[in-house]
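Common to both upcoming complexes is chain A, partnered first by chain B, then by chain C.
Take a look at the complex of A and B:
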């Protein structure tokens, strides 16, 4: 088998550049741009755990992102928790929720899981938009608890996203070469055959779903503070589910590098499209749809599949 | 010899069809039991019952003192029963080596570290004659090699009982000879008990200690190969009443 990781020093060099970058005090625009890309690396890579390695295509990744955002908002409102402190409980809440909903839905096969996760994200959005303790339709303001100057604020969020992206990518690097990771891929390729060699199907799938949701929940908690405001329509937008999936698949799911490359290229493309004249007619949706179709039909292993052919 | 596996009145229905009908079967430790019967006679269903894929409607299934009823396939594997699939079902996203390594990690080998599992998988691939293909993707394997991969993967779980579902179908004459040799080695060198399903009569007659014959879900004969071959009911099931010796 090909070495999936390529050259480790390249990744290390990239990480060093990314760490140094914000402290050179670059223009805010570029820092926000990189922050946003890092956020999508977390989302696409965490989607990759359940959608790529386990083969359970989720259309509801935003559910766990949104839950994380709400947990962070509630912790901030109740006790003034800053984003980096809220990230862990937010991630755990998302993971717990994944365990609960995964227990019935991970028994479904094929497209049924995709439909179930999509439905779930819509249900959770409506629920959180109407519960009194989540601020109902008004949402929750999450402002304060972070540094003071504009530059320092941007740097702080940048560092949060970078740390989270490194953690998520690191987890998948570990997973690739672990007993757990091989078990997941066996389930993905042939569930019955996997069971026949002793892989405990539902248990592994639940752990994968919880892990995937954990990272998405952490991302949500930082996003809540970044946006300074949490409301259900914002943090449960279908866009996030779609982007997580598309970025991972276009880059190449079931690989470490795929979702990273996909997030960088596709997010740049997305920004280019939405800020263009055609952005008003949501040209980004059209392009993403067409691109996804092309990838699924012509290059199911994504960009990574093309490079290693 | 004591029974390693004992089925009593084992029955499985699919709607109105009784795929396995009140079958009694005993498998002794160390023996090779051949399971034959025309298409649709319930051989694969019986395998799936033993492997935990299906839950029996009635009857009991006991493996070395443990009741198998209601156990999931992965639990059955952990008890020491491994199986191959009639149409090979490899993990396409993993190379040959890791197809086997997964089974080492999750079976009964007691190996939890990936490196050690890879070493063990290499050893098993050598054993079945797939050593040179270890790093190849599964898609490169020939049919005969895929059948061997199925066997290596099953062996990797360290079973006591191995169920082989048509592991020689589609092989050419030379490949069959070496496959038979492998089966014999599995018993002699690894001390395995085998249940084999095979349509090639000369093969199954040659390697089995005992043969059980199924027809339409019912066991119609069970005995030494030479006796079974001349059994009136068996000949009738395969060739029709016209060819069955009268009397007997």
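Take a look at the complex of A and C:
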């Protein structure tokens, strides 16, 4: 069950390729594709911290992504902050919000938490769509402070996403080996037993939830600048929550590589499904649902479980 | 108005310890099927509500046998996930078949109201309220008086003890799921008569049903009925004091508050 990080040099080589890639000035389409995959690696991996390692399934991961996006948009409107500067306060705001809502909900068993997160994403969406300082239904335009030429702009966003993805994966690698990570898995496997050997349940769960939300919030802040426009119906799509969960679980939750592999394969599949002839009938979510069902029924450890057999 | 969908959710949750997140989407399927029967064949939605009972009972049995039962021994998270997967698939199938437009069922009596004891009552709301009363008290009588009903209550209270007493708990869980799904189908018709609907509205339905279930005490049918009434009244009153945009906000806030203060419900769950 406990597996070392396969081959560290492979990961390093991958990272080097990913760093060099945008500066070879490849076609914009491929750069955007890799950027999008990197965004979902951040989302799936951050979902994995709370959903995989801690065992508390979140149906509302978009909440923290959306809060991050709004914080970045507000900072931009108020003081013209660029995405890389706004990412940290955006992540912190999302983490703080996670602490506030996690305090009551993480004491409950899994299903309560799952529905509460779903309800939360609806609450926050309604609030942000109607509060005057968030632009109400009009949203906020987030454009400027970035390089002007197309290629330079794409490179800048690519680098932001890559740095964030590396940071998120790095955090999970650290978690895997730390006492903190062991504590989380102990809670997931048997909460009562974990508590009886002195694991501080609620504290570890809160930290995990805040950490998970921190990365989701940072992803949201970069996304806000990327989309150049933030409004509640655009940001708070159930799509983000579904993809974060499905990519992590299909790839293999509570592993480092699972959400990464899941995001790459599933996002490619998604693009294949939506841009080919099949796109007209829009079966991508049906395929996602079926795959998630197959994984839960037949291969609970996802793609990672198949490879380690 | 939320009593009807919540009762089915409460039953499944109480007996099988499964939170059926697909409950809303099953109800929505009921709304759309009733819509098609009404539009194409002129079948009155109230008649199709009766038709929904056996049809959704069978759908419930199939879902339980193919999806839920194989993983019943795994942590409750697995059943939640598989039902979430089912929800995603069904919502998108509904979108493909009926498109994403807003729909409404408008039989001749919709929008008509009558005066009673000084109050103005809408016919549709009165009928759906009557449906909820019949369903809740019918289910209550079934649970209290029949052997199967007693078996369901016993399984909800203590599965191991029920097994020892010679109850086929596997079959009991199956039947409870079927009944829960049948109630979802009927609830869908009722909700479709009152509100307009579109393919992703089921999330609101399931969250509100969840709220009612928790408020009434998990597995407590009468509690769910009382809580459903309470939520309906609360919504109407909120609607007169705050902007309609904030009504749902207050309702979800209420859900989080209830989870914080009384996760076992205002009235304690009494098994089933």
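We adopt the following convention: the second predicted complex is superposed on the first by the 304 of 309 C-alpha atoms of A that agree within 3 Å, B and C clash if a C-alpha of one lies under 4 Å from a C-alpha of the other, contacts with A are read in each partner's own complex, and residues count from 1 in each chain.
Rule of thumb we're sticking to: a contact is a pair of C-beta atoms (placed from the backbone, for glycine too) under 8 Å apart; a residue touches a chain by one contact, two chains touch by 3 or more.
This one's a predicted model, so the numbers in the text were calculated from it and none came from an experiment.
Enquirer: Based on the superposed arrangement around chain A, label chain B with chain C as either clash or fit.
Expert: fit
Enquirer: Based on the superposed arrangement, let me know which partner A:193 touches: chain B (first), chain C (second), both, or neither?
Expert: Only chain B; A:193 stays clear of chain C.
Enquirer: One more residue to check, A:216. First (chain B), second (chain C), both or neither?
Expert: Once the two structures are laid over each other on A, A:216 reaches no partner at all.
Enquirer: With both complexes superposed on chain A, which partner does A:182 reach: first (chain B), second (chain C), both or neither?
Expert: First partner only.
Enquirer: Mind working out whether A:172 is in touch with chain B, chain C, both or neither, as first, second, both or neither?
Expert: neither
Enquirer: Go through the superposed model and pick first if A:254 touches only chain B, second if only chain C, both, or neither.
Expert: first
Enquirer: Identify which of chain B and chain C touches the larger number of residues of chain A.
Expert: C
Enquirer: After superposing on chain A, what angle in degrees do the C-alpha centres of chain B and chain C form at the C-alpha centre of chain A, to the nearest 10?
Expert: Value: 70 degrees, nearest 10.
Enquirer: Now for A:156: first (chain B), second (chain C), both, or neither, which partner does it touch?
Expert: neither
Enquirer: Can you report the least C-alpha distance between chain B and chain C in the superposed arrangement, rounded to whole Å?
Expert: So the smallest C-alpha to C-alpha spacing between these two chains is 12 Å.
Enquirer: Find the residues of chain A that appear in the contact set with chain B and again in the contact set with chain C.
Expert: No residue of chain A touches both chain B and chain C.
Enquirer: Which stretch or stretches of chain C touch chain A in the complex?
Expert: Touch residues, chain C against chain A: 19, 21, 67, 70-71, 74-78, 80-82, 84-89, 91-93, 95-96, 200, 203-204, 206-207, 210-211, 214, 243, 245-246, 248-249, 252-253, 255-256, 259-260, 263.
Enquirer: If you look only at chain B, which of its residues touch chain A in the complex?
Expert: Those residues of chain B that touch chain A are 51, 53, 72-74, 77-78, 82-83, 85, 89-95, 97-98, 101-103, 105-108, 112-114, 117, 135, 137, 153-154, 156-157.
Enquirer: Would you tell me which residues of chain A are touching chain C in their complex?
Expert: Contact set of chain A toward chain C: 55, 57, 59, 101, 104-105, 108-112, 114-116, 118-120, 122-123, 126-127, 129-130, 238, 242, 245, 249, 281-283, 285-286, 288-290, 292-293, 296-297, 300.
Enquirer: Please give the residue numbers of chain A that touch chain B in the complex, ascending.
Expert: Touch list, chain A to chain B: 1, 177-179, 182-183, 185-186, 188-190, 192-201, 254.
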